[in-house]
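Letters are used for the chains, namely A, B, C and D, taken in the order the chains are written, and counting of residues starts over at 1 for each.
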Amino acid sequence: MRYTDNGAEDIKIAYIGGGSRGWAWGLMSDLAAAQDMSGSVFLYDIDREAAARNECIGNKMKDLKECRSAWNYKAVETMKEALTGADFVVISIMPGTFDEMESDVHAPEKFGIYQSVGDTTGPGGLMRALRTIPMFEEFAAAIRKYCPQAWVINYTNPMTVCVKTLYRVFPKIKAFGCCHEVFGTQKLLGLALEDIKGIQGAQREDIRVNVVGINHFTWLTAAQYKNMDLFPIYREFALKYRDEGFGEKADENWLNRFFDSREQVKLDLFLKYGAIAAAGDRHLAEFCPGSWYLKDEETAHSWGFKLTPVSWRKEDLKNRLARSERLYKGEEEMTINQTGEEGVQQMRSLLGLRDLVTNVNIPNCGQIPNLPLGAVVETNAHFSADSVRPVFAGPVPQSVYPLVSRVCGIQEMTVEAAMGRDLELAFQAFCMDPNMELGLKDARILYNTMVENTAKYLTMYQ
Amino acid sequence: MRYTDNGAEDIKIAYIGGGSRGWAWGLMSDLAAAQDMSGSVFLYDIDREAAARNECIGNKMKDLKECRSAWNYKAVETMKEALTGADFVVISIMPGTFDEMESDVHAPEKFGIYQSVGDTTGPGGLMRALRTIPMFEEFAAAIRKYCPQAWVINYTNPMTVCVKTLYRVFPKIKAFGCCHEVFGTQKLLGLALEDIKGIQGAQREDIRVNVVGINHFTWLTAAQYKNMDLFPIYREFALKYRDEGFGEKADENWLNRFFDSREQVKLDLFLKYGAIAAAGDRHLAEFCPGSWYLKDEETAHSWGFKLTPVSWRKEDLKNRLARSERLYKGEEEMTINQTGEEGVQQMRSLLGLRDLVTNVNIPNCGQIPNLPLGAVVETNAHFSADSVRPVFAGPVPQSVYPLVSRVCGIQEMTVEAAMGRDLELAFQAFCMDPNMELGLKDARILYNTMVENTAKYLTMYQ
Amino acid sequence: MRYTDNGAEDIKIAYIGGGSRGWAWGLMSDLAAAQDMSGSVFLYDIDREAAARNECIGNKMKDLKECRSAWNYKAVETMKEALTGADFVVISIMPGTFDEMESDVHAPEKFGIYQSVGDTTGPGGLMRALRTIPMFEEFAAAIRKYCPQAWVINYTNPMTVCVKTLYRVFPKIKAFGCCHEVFGTQKLLGLALEDIKGIQGAQREDIRVNVVGINHFTWLTAAQYKNMDLFPIYREFALKYRDEGFGEKADENWLNRFFDSREQVKLDLFLKYGAIAAAGDRHLAEFCPGSWYLKDEETAHSWGFKLTPVSWRKEDLKNRLARSERLYKGEEEMTINQTGEEGVQQMRSLLGLRDLVTNVNIPNCGQIPNLPLGAVVETNAHFSADSVRPVFAGPVPQSVYPLVSRVCGIQEMTVEAAMGRDLELAFQAFCMDPNMELGLKDARILYNTMVENTAKYLTMYQ
Amino acid sequence: MRYTDNGAEDIKIAYIGGGSRGWAWGLMSDLAAAQDMSGSVFLYDIDREAAARNECIGNKMKDLKECRSAWNYKAVETMKEALTGADFVVISIMPGTFDEMESDVHAPEKFGIYQSVGDTTGPGGLMRALRTIPMFEEFAAAIRKYCPQAWVINYTNPMTVCVKTLYRVFPKIKAFGCCHEVFGTQKLLGLALEDIKGIQGAQREDIRVNVVGINHFTWLTAAQYKNMDLFPIYREFALKYRDEGFGEKADENWLNRFFDSREQVKLDLFLKYGAIAAAGDRHLAEFCPGSWYLKDEETAHSWGFKLTPVSWRKEDLKNRLARSERLYKGEEEMTINQTGEEGVQQMRSLLGLRDLVTNVNIPNCGQIPNLPLGAVVETNAHFSADSVRPVFAGPVPQSVYPLVSRVCGIQEMTVEAAMGRDLELAFQAFCMDPNMELGLKDARILYNTMVENTAKYLTMYQ
């Protein structure tokens, strides 16, 4: 890596999960728009074919008219090749396939347990964690070996356990986890401002927030537009829309009816607890007792959100594979439009080019005084040259502390269980989940079934 | 109060709830056995008749052959009279009557929610808290006014919220809450030692334990008999008895089939989490998700414990009233046998006569680093002349942190709601309870019903 | 205050000490350059004449060609007038006159105690604190009464005790203390980069630092230019210049031979402790044991700095008064050049116009884990809409902890003594000062003398 | 080790420094009086002859009429022999000889630095630490290897750094440091009670105290006799005796004019700071700035204490050697009288025979919230079966925090320097000492001289 007059060139990024047909393309687009940065992206994926295609797709971007910065893409065979000399490591993997996810999400339905996403918490989140954590142990060990000074950005879910695993294996790792869910809530606050006060044009960045919680269950304890406290405005908004819901469509970028929500869960949680829940409703619902918003499909619908079936994900994957094919063959051109993700801006900050304060997942060193030290939490942090330092966020509000501390503890316990290859302790974590309201015997049957269903990815536990 | 050669005399104890027909008689018995201490007990009760009877019953104890120490009992009309000049204040009250408790315990059954005790947590515990907290606000204010230097011992449930209320109203109060549940577990450890190792005669005090948690959901993270670590022994014991249960009868002092348990919940929790749950099974079950041990009556029975119906309590009260009558009339003589409670020993320590380390409920100043500062927690503490200082207990074990932190937070929230006279916030606490697995609509109906049922004692909320 | 398309107008600033002939003019200049902000500055000063002159001087700035933003200045008779409705409060006062400062700085010399500044620590700093704290009690009370929502920026020394006093009197005050000393060290790091590596043009803001400590005794535990760790570079620089000193002249803005230093103290401290001392040498020396750098004048000179005599300050004041006269009469034009201070940028951030991370003095809520909670410390903080939140800075390095914790404690004790009007406790703080190596009897004599010398400003202690 | 009906037998104690002619004889005496405990003491000493003599002396005690418990003594050649299978390890060594101590104590006098003891802090304490820490690294490594489960009691000075070293090398060590200095202050409080209130017969144990600080600079923040707060009584006592001193002779056990003090330092510190300094005046003086009580010999005398010359220690050693000879030859009989030390009681507690709360030196896990976590501090702790848990002591009082935190930090830094074999960092610690008020050049000369003087014991630093 070398600095230029206005930025940096020859940056090396290692992309673990580089065959991805979602995040990878987003990153390619954001990098192509970053005129002050250039370099190479080394794509590593256990699906080598996918990585190879992305190499080709990525390299074609240079030819696009809108491309402001030419990056080289290279698919590599080993993590070693990808990591050696890397300035940044990006991790976005899929632990297992949608077949495993099908079990994660749908197996519990036979027992009356419904999950809207199934990738973070709930029985599905736990099974996914069991598959993912051993992989992240490997990543951390490889990073320690090949690029201990690199900054590591994780996008993989379940976010909290992934980041925690990286730090448990390699305590000096410079890693953090990124998630755009808070951004969505900032946008909603902007819409509330317009709806209630008639003030238009507030950008996401103009909505200043204080973030406290854990990933996908983050809370805003302050939200401000210029000198306006947004809490009373949001209260009015919540009272207006809680029952019928707000908005016909979600952010175009992620739009799909299975991701859609009418924000009713978010508004309900605010009116209950006085703090602003800052994640998508489908995620938020999974952190609450199952009987509240996820009792059954009708309950979910009555709260304005849908359960995302894995069949849909499989269908969607087919579309993405087809698009990959078209992009690869040059039948379709990649478009360059900023994703709204902050990965590239974070790199810029870590390179010392421009500071940034944004929300991030890292171990608690006191930024949230009433959660355990060392637990991975989400708050704002200051990104600067070679440093990410948390901003003091204050305690989890008393009214949501019971919900947040509980899941925070379950996530810690899950990492303990997985790293100890202890399926029994994992079962105890499974039973504690807010969405798991089964009796102990049924819980055992379900757990065993889910472990069996995904046994191919759990061999290290035997 | 004056010191004598071997002890102290002229001690003044104020007893709030002094008409009690259980705790009060126990205290009378323990005081009569305390040959190094004497003085007066001022009995205050809203049931003046009951206090008057206890005055008479108490004063008769001086005539008993076994009486080693003569105490004067005096029923008084006002808290002011009881408190002015008091060295100690004992609080053991019944918030409301068994009619209210009937609603607390049995109203939820219509919704499939079963409670084994219903006085600490669960829907019943919450309703009881709503009645109790405003009373404790009054007690704290009166203590601040009439005897700010007195030591205050609370026996009333729900323990955690009672103690918290005292400290919130009068932060400099010298108060703590006492509970004998840990003692029962120490005794069980003694029995395990005998059963597994054939070692007989270990007294409760010989079983040294480290206590961490909240009242009725306390955990032992160390248990030692001489140089023996009791954990492996208890594991063997737990494996032997978890399925069928241990013991035919519980401690004689509290014996009744409705208080009986076969310790299976306790043993199950140990095998799950590796820490020793240290309260009666009927209490422990209520802190766990309702579907585990309290799904229905059969489930409870299969785990070796019974639900205590309030009808039984009413029957039992009749017996105690009858006994009160006989004692009062001199038809029956009070017996002096030590109850096993430590209240009198604690007073002795606070007077500077003999130090004591025992478990107690006080605000967290760091004795449990992973629970919020200020929350009322249960750990060991050092009792010495005019001081109670917590012993560092260490963190709640990771495996039970999700369960403990959750209820710890709910208790804090309950005090907030009750002191703010905010029935809506109280409802949010109600919904978060581990034993409350209803949908939000049913929860609301149940809550409203329970509030209505006990409205007579909730007038301050309107 | 109202927002405009690009900024805000009608901002009200209350300036306590508004007759100042240094800071006030600097602020006027910075405000005149802030094209996105406009409004009024209310000048309050016990020297009403001085405030009136500044009103006139300030209002003339509108006529300057370079003026980008017209601000109105108005001298007022009472704090109430200044504060009512204020969005911001700026405090920069002189507690007492240079006659008092003459005693502060020079009285100790008779006992062999030399002070290079005498306004923060040392016997002089303590006496100044005793005069200042009661004034700040009044300010805090007035702010609570007239503008509790305003943001308060303090520039007055002794910084730490001023900020602490504001928070002790009015715990919900939104106050912080600003100091440019860290900036000077950032500039020096830029010069070291040039000197050692030949890299030119690094701006102060490009030198990213992590700040930890207390005002005027702050330390950098990380310093980065782009991806370069500046510590090895600064080590080389320190070894090169420690003995003979670096630089012929200091920053022009503050240039005067009595403020001059050759940076040797700073370099020596770095080589000793491995952390970068980040304040002027004249300040740093006063926080170390007196025998090190301030044994006598020669010692100071041998370390490349001069003691600033108050006679020089008096002379300088005359010049400033003369300049004030010329400015007032229009014989001289004020020049608009940015001072390098960040006050205006901080206001911009607090208005929600642009975020900023910079160093600031506020109470410790955990940003420095090994200093007492509540003590006023200096670290980076995130300035955003209506919020200043500390960035986690980490512990004071072990090697400087003994020096820093000591003075941190003395400052806390000084506030305690002054707010309790306890001259005896203040004497104990006086005796603990690092620069006070007198025997107890001499210390007493000196203290009494200094108290007497400044008795006019200490009447509240009698 | 085996338990008996009333106690334990076959206890194995390893004594490192077992040739000691002070502590060892005291322990022998205390063990002989402990009728519920018996076993063997393995004496290891680099002076094998001394250990062999103590073996003989110890074994003779069985024949004494007053002997209640027969212990076997055995001198061994290696630490391995001593430690293997040990239940307890006692460490009381002399690091170097009195020749080295002569340099420690008297070399600084040429520079006007006087030390009353010179074994804990000051230039002498630091040099002693540099010799001792590497030895304790070896002890810790050997304990980890041969008896990781043993309880380790350290009596060696400098206490704080010894205990810290044990924990840094072997973090799971079960070690604590014991010191009787607090006991002396408890006795003095008893004497004050008699002197001021005419209350006789209070035993040391009857004076309940809360202890906070670091070894030899501990403070009592509460002191109670029965229900009497001793603070106002001690204040009266302090006012009466501060100027002329109290008492003609010290505790007989330690009586010698060179250990004598008239308690004036202690009383002065109390009147200054409102907390009770709880160590001997000779120690206390060394933790304060040198100019206060140790400016010169006259100053010391005027404060009622003497400097202990090493020549006296050498003379005293001769007497002890002669006594050793007589004891060894049977020309003198050992006497059994309890020393007042608590080592044997602590062992009893750790064996689970009887609980004890007493003061002890262990790493800070929150018992003193305003000192750094992990620093070795002195507070009360609860001794029970196989556990020592600190009692929450609260913060160091604000008024002594500057003095205490400073030395606490210096001790941490000293361990860092010694374990890193970094004589330069050790010099920085040397310069920070409160009793070191030299200029930097003189400090360097003195330091080099002292290092040279004791080079024989500092070879590992080259």
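Note that a contact is a pair of C-beta atoms (placed from the backbone, for glycine too) under 8 Å apart; a residue touches a chain by one contact, two chains touch by 3 or more.
In UniProt terms, the chains line up like this: A, B, C, D = Alpha-glucosidase/alpha-galactosidase.
Quick caveat, the model's predicted, so the values are computed rather than measured.
Most remote from chain C, judged by the distance between CA-atom centroids, is B. A separation of 43 Å divides the Cα centre of chain A from that of chain C. A separation of 55 Å divides the Cα centre of chain B from that of chain C. The residues of chain C that reach two or more other chains are 369, listed in rising order.
Taken pairwise by the contact criterion, the protein chains form one closed cycle in which every chain touches exactly two others. Applying the touch criterion to all chain pairs gives A-B, A-C, B-D, C-D.
For chain B in complex with chain D, the touching residues are 1, 3, 8, 206, 208, 210, 222, 224-227, 229, 351-353, 355, 357, 365-367, 369, 380, 382, 384-387, 389-394. Contact residues on chain C toward chain D in their complex (touch as defined above): 272-273, 289-292, 295, 299, 369-370, 372-373, 395, 398-399, 401-403, 405-410, 412-413, 416, 425, 428, 431-432, 436-440.
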